[in-house]
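Structures incoming, each one as structure tokens.
What follows is a pair of complexes built around subunit A, which joins subunit B in one and subunit C in the other.
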Partner chain A sequence: MNYAEITREDISFLEAVCGKDRVCCGSRINEDFSHDELSGISRYPEVLVRVTETGEVAEIMSYANRRRIPVTPRGQGTGLVGGSVAIYGGIMLDLTPMNRILELDQENLTLTVEPGVLLMEISKFVEARELFYPPDPGEKSATIGGNINTNAGGMRAVKYGVTRDYVRGLEIVLADGEIMQLGGKVVKNSSGYSLKDLIVGSEGTLAVVTRAVLRLLPLPRKTVSLLIPYPDLTRAIETVPLIIKSKSIPTAVEFMEREVILAAEDFLGKAFPDSSAAAYLLLTFDGNSREEIEQAYEKVAHICLGHGALDVFISDTPERNEAIWTARGAFLEAIKASTTAMDECDVVVPRKCVADFIKDIKRLQDEFGVRIMNFGHAGDGNLHIYILKDALEEKVWVQKLEAVFNKMYAHADSMGGLVSGEHGIGYAKKPFLEKSMGHSGMELLKRIKLAFDPNNILNPGKVCQ
Partner chain B sequence: MNYAEITREDISFLEAVCGKDRVCCGSRINEDFSHDELSGISRYPEVLVRVTETGEVAEIMSYANRRRIPVTPRGQGTGLVGGSVAIYGGIMLDLTPMNRILELDQENLTLTVEPGVLLMEISKFVEARELFYPPDPGEKSATIGGNINTNAGGMRAVKYGVTRDYVRGLEIVLADGEIMQLGGKVVKNSSGYSLKDLIVGSEGTLAVVTRAVLRLLPLPRKTVSLLIPYPDLTRAIETVPLIIKSKSIPTAVEFMEREVILAAEDFLGKAFPDSSAAAYLLLTFDGNSREEIEQAYEKVAHICLGHGALDVFISDTPERNEAIWTARGAFLEAIKASTTAMDECDVVVPRKCVADFIKDIKRLQDEFGVRIMNFGHAGDGNLHIYILKDALEEKVWVQKLEAVFNKMYAHADSMGGLVSGEHGIGYAKKPFLEKSMGHSGMELLKRIKLAFDPNNILNPGKVCQ
Partner chain C sequence: MNITVCIKQVPGTSEVEIDEKTGVLKREGVDSKMNPFDLFAVESALRIKAERHAQVNVLCMGPPQSIEIIKEAYMMGADTGVLLSDRRFAGADVLATAYTLSQGIRKCGLPDLIICGKQTTDGDTAQVGPETAEFLNIPHVANVRKIIAVGEQDITLEMELPCSVEIVRVKYPCLITVEKDICQPRLPSFKLKLATAGREVAVYGLDDFADRDETRYGLAGSPTQVRRIFPPETNTAHELWEGDGKNLAARLFECLETGKFITRE
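Presenting the complex of A and B:
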């Protein structure tokens, strides 16, 4: 790809649009902006611009489009697949200063926000008003813009679905600087192709999201968590399809092994309620009546105890729930802290295939002599698998990583699984998306990309380009 | 547009693919296939082909693409905007023979179906197994393929969302005959642009849907309907935002006036439980515990009685619910039977704007001297408005229709509303979509259309072409 290099005139233009204090070049750019949380790729943008309003984004896009300068939109940079790394240099648009909650509309049950608002701020704001934004990814310090761009999922997808299901409307800026409104506060929409749904999950390659109208629900009045120890992981996971089949749908069904819990205890310096068993299921039930929740969890507890569970610990106070879920939220960081380097696989498989998939991971660990840790969303089939470098030499590790990834993605594919459940494709997972979709599928994605961005300036090198 | 006319060789090809008894030409084509339920446009396809499997669709598309023959996919033809009319002639693909329920997967809670399965067959099949497919459009004899292609909504969208929310995976045939799988049985997906969501609601212009994996829920154990009479429509509708704000979310909130109820009584030859009041709200609550449902509907009944409701009739047996909802399901046919001809508007506005919008319809009725009847989904802001010809001369009616439509769509637009909540754009609503999206928005849709179908052979003349 042939892009213009940033010149002194370009910087002057950006400074004229945003003011000098929000434009930053060369060695003044903080190292944080050269990478994300995990992907291993690194490149500094030529210029970092902190934008504060849609009009600025539009002016910058229009200019960059004429000049053929690549533009990488970025939130908190908490991604794991290189989606927010400026791999062709150019302009990085830091959207975190666009962090206002603009409107709570209680009669339409919508919240209008700028893209830089953090997920934890949204939940705090709405829950104080007895409202609920259900998507619940582990990384609470991510921006909502990043969540929309990866179609983030999280723990509560079993019952409530994913980010896409809670985005009613978007304001976007196209590659040529045009501002467009998609959807809105309306509940239904059959008015032409769903551009809103095409933008959700497009990882900043089709447009820059500058505003979002989110759908809210009433906050469920009661939440109960069950922590269920098992003598081994297989028995734990094999219970999950039986739970789904029982028609008592939990809000969340997570699985975890003792080694991950021990890592989290080390990392947080706090004990988990129980770490004596080899494996655990962690379930949540929510609703508005105690009767309804009790009926559901008693049925599920009975199923688990009938299929090898050692016990059922019930946690029904906010404090106890918090203790368990804080540990769950720290798994990624805890695993990261336990090794020298790592990479991840975020496949999603039909939920009844999870047990088989995990057995295969154990085989790969032995076959390749590489430590693999995993945990994840047993209830929705989305696994988080970490391949750890430990003391391996770089070259050896890279080879093992590639071999393990190839086998894992092929296995997922053979089960009707897909490359990513919630982290996205970004830069790092492109080869696996190509294998999964085939050549003509990727060509179709590229044609859609060009329909939005004919000069390929928006987050180039990601997803399909 | 320059398309090839069907030749004797084309017919021979189609007969070789499908057998002579499934290919039908010229005057042997039933009149039903020349129009849909309402749109007023009429054109016969040159040849009608009843397809029974994906491979046939693929062979026909590949051939038609090479020969530049337009192809119009069609289900039951129950649409209202001309989406399934072959306005450029060519081949009509009748997908109704592809009507098998292929697999119920209870461990993944999915149902795999062919596109010709009727909505009423799906609900009957799953409800017999205590499962639930929530989308509930009034037209139960529509095919699921048609529902997917219009992103049909229906009554239960307030609580459960629309068709899009229940499509997990699709098998499609592209314009060039390639067969592609999108999504699958997985609950989460962030693997490239969401082609699945682009196809949902694309009205047969991007691909032919040949199979769908639907998401099911457990069937709620208890359903209660409330029929709430009001002295006038305004007070009825103004209660709805208060209900939403109260955080007791009903499954459905419909509104109706006495004149529509009387038309339905006439049409069905059956009395409605009450028709003494000028206007009604019809609400449903569902769930698994009586306590939960009672809490919700008692709160809502209290709100209604505090805001002008004359009474609250509770219907909690399947028989009584059936009587009310059968009448509701017959409104369209009843209004149609009460006049000589009619056309419809299916706008969706933010739900707190419904009362204002309806007041404006009354003004338009008086201003233009044309009878307008309406009912609709007060809980999701999607209105069904029928402009009736009665004894008006054709030319006068057409003029009035255009003037009324222009005012209505402009008014919806000014409220942040959109052209169609669930019926789609098809042929009839294209001018209004263009006004709503603007020129560059329509150009973007056209570029997406060409990314899928460069020769514009798939359902041409619809949505954006």
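Presenting the complex of A and C:
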């Protein structure tokens, strides 16, 4: 791909639009902007622009489109697959300064936000008003713009669904600088192709999201978590389909092994309420009264005890929930801190296949002699599997990683699984998407990309390119 | 060995609204829970129980519904529970509360060790534990941050003081109040919930005590009068600094030093 290099005139243009103090280039760009949290690829943008208004984004896109300069939109850079890395240099749009909560519409139960608002700010804001934004990805310091662009899922997906289910409307800036409104505050919409839903999960390749209208729910008054110890992971996971079948719907069904818990204890310097068992399920129930929740969880507790659970621990106060969920939220960072380098697989498989898939991971660990840690959302079939480098030599590590990945993605595919549950394709997972979608599927994606961005300047080299 | 743990039921959230006019907590629709500090006391007792086969008794003063937290202590592993409940105990300040607890403890028989949470989240005085020990005329150690050794005749502890840590050995019978984070409290067990569903809780009122002088209990026995309750002002002022790590670090150090949070050696 041939792109124009950034010139002195380009910088002057950007400075005229945003002011000198929000334009940064060359060695003045902080190292953080050259990579994301994991993917292993690194490249500095030629110029970093901190935008504060939709109008600025529009002017910059229009200019970049004319000049054929690649543009990479970016939130907090907490992605794991290189989606926010400027692999062709050019302009990086830092959208984090666009972080205003614009409107809470209590009559339509919507919240209108700019893309740089952090997930934790949204939950704090709405929960203080007894409202609820259900999507709950582990990374609370991610921006809502990033969440929308990866269609982030999180732990409450079992009951409440994913980000796409909570985006009512979007304001976007197209590659040529045109500003467009998609969807709105309406509950139903059968008006032509759902472009809004196409933008959700498009990883910054189709348009820049500059505003979002989010759907809210009334806040459930009470949350109770159950921490359920098992003698081994297989028995734990095998209970999950029985829980789902029992028709009581937990908001979250997570699984974890002692090894990950110990890593989190080490990382946080805080003890987990129990680490005596080899594996755990972590279930959450929400509702409006203690009685309602007790009824739901007692049924599930009996199912678990009948299928090999050692006990069922009840976490019913903010302090207890915090002790558990702080650790759960730190798993990724804890695993990262326990090794020299790692890569991840974020496959999603049909829920009833989770146990089989995990057994296969254990086998791969032994077969390839590489440490593999995993935890994840047993309730929705989305697994987070981390392959750790530890003391392996770089060359050996790369070989093993590729072999393990090929086997894992092939196995997921054979079960009817898909490449990514919530982290996206970005740069790192492109080969696996190709295998999964096939030639015609990829061609269709490319034609969609071309329709939105004929000059291919928006986050090029990602998803389907 | 016998251990008694004093526990209290408090509002389920720290964000309880206060009626500015009457100064009364708005408890309507607010769930209750065991005082979070008391969870550390219960856990400390259960760890000693595991080590020395002790009997753990929990003691709670409060309205009849406080029985819930005694049941919860059973779900954590406590053996017996006593509820001190009587209309004449209502409105007690720290002095009357400590006196009531001391009478309750005498009624049950003085144990080797009494463990209390350092303070409650609703009263926050941290006085009830030590005052109870004074009424029982036994030694007490507050702000215990670590239990070093549990002996036959005595217990060795680390006591947190404002600028130092003191290691003390104290003979039974004695009372200790434990710090938050002395250990990670276990979660209530559903198995124990099923197993203890029928276990009784003894309930005692004023007429069961050795001292039946009503002027020593409840409002009548409370020299403290609450003039006004109001939520503290919150300060959310913040400033944002930008710059490179070196300059920011220097500026942060200077700020902390000016605020006397740290001092230059």
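By definition in this document, the second predicted complex is superposed on the first by the 465 of 465 C-alpha atoms of A that agree within 3 Å, B and C clash if a C-alpha of one lies under 4 Å from a C-alpha of the other, contacts with A are read in each partner's own complex, and residues count from 1 in each chain.
Following the convention adopted for this analysis, a contact is a pair of C-beta atoms (placed from the backbone, for glycine too) under 8 Å apart; a residue touches a chain by one contact, two chains touch by 3 or more.
Just so it is clear, the structure is predicted and the values come from calculations on it, not from any experiment.
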- Task: In the overlay, answer first, second, both or neither for which of subunit B and subunit C A:D274 touches.
- Result: second
- Which of the two partners, first being subunit B and second being subunit C, lies in contact with A:A301: first, second, both, or neither? second
- Message: Per the contact definition in the header, classify A:V158: touching subunit B only (first), subunit C only (second), both, or neither.
- Response: first
- When the two structures are overlaid on chain A, which partner does A:G184 contact: first (subunit B), second (subunit C), both, or neither? first
- Query: Which partner, once the models are overlaid, touches more of subunit A's residues, subunit C or subunit B?
  - Reply: B
- Once the structures are superposed on A, label A:K124 by its partner contacts, choosing first (subunit B), second (subunit C), both or neither. neither
- Touching A:V463, do we find subunit B (first), subunit C (second), both, or neither? first
- Message: Quick one: is A:G421 in contact with subunit B, with subunit C, with both, or with neither? Answer first, second, both or neither.
- Response: first
- Message: With touch defined as at the start, can you tell me which subunit A residues reach subunit C in the complex?
- Response: 222, 226-227, 270-274, 290, 298, 301, 305, 311-320, 323
- Message: Considering only the defined contacts, which subunit B positions touch subunit A in the complex?
- Response: 105-109, 130-131, 150-153, 157-158, 161-162, 164-165, 174, 178, 180, 183-195, 197-198, 200-202, 206, 217-219, 241-242, 244-245, 247-249, 287-289, 291-292, 295-296, 346, 348-352, 377, 379-382, 416-425, 433, 436-437, 440-441, 444-445, 447-452, 463-464
- Note on the structure: The subunit C residues in contact with subunit A across the complex are 12-13, 31, 33-34, 36, 39, 75, 183-191, 193
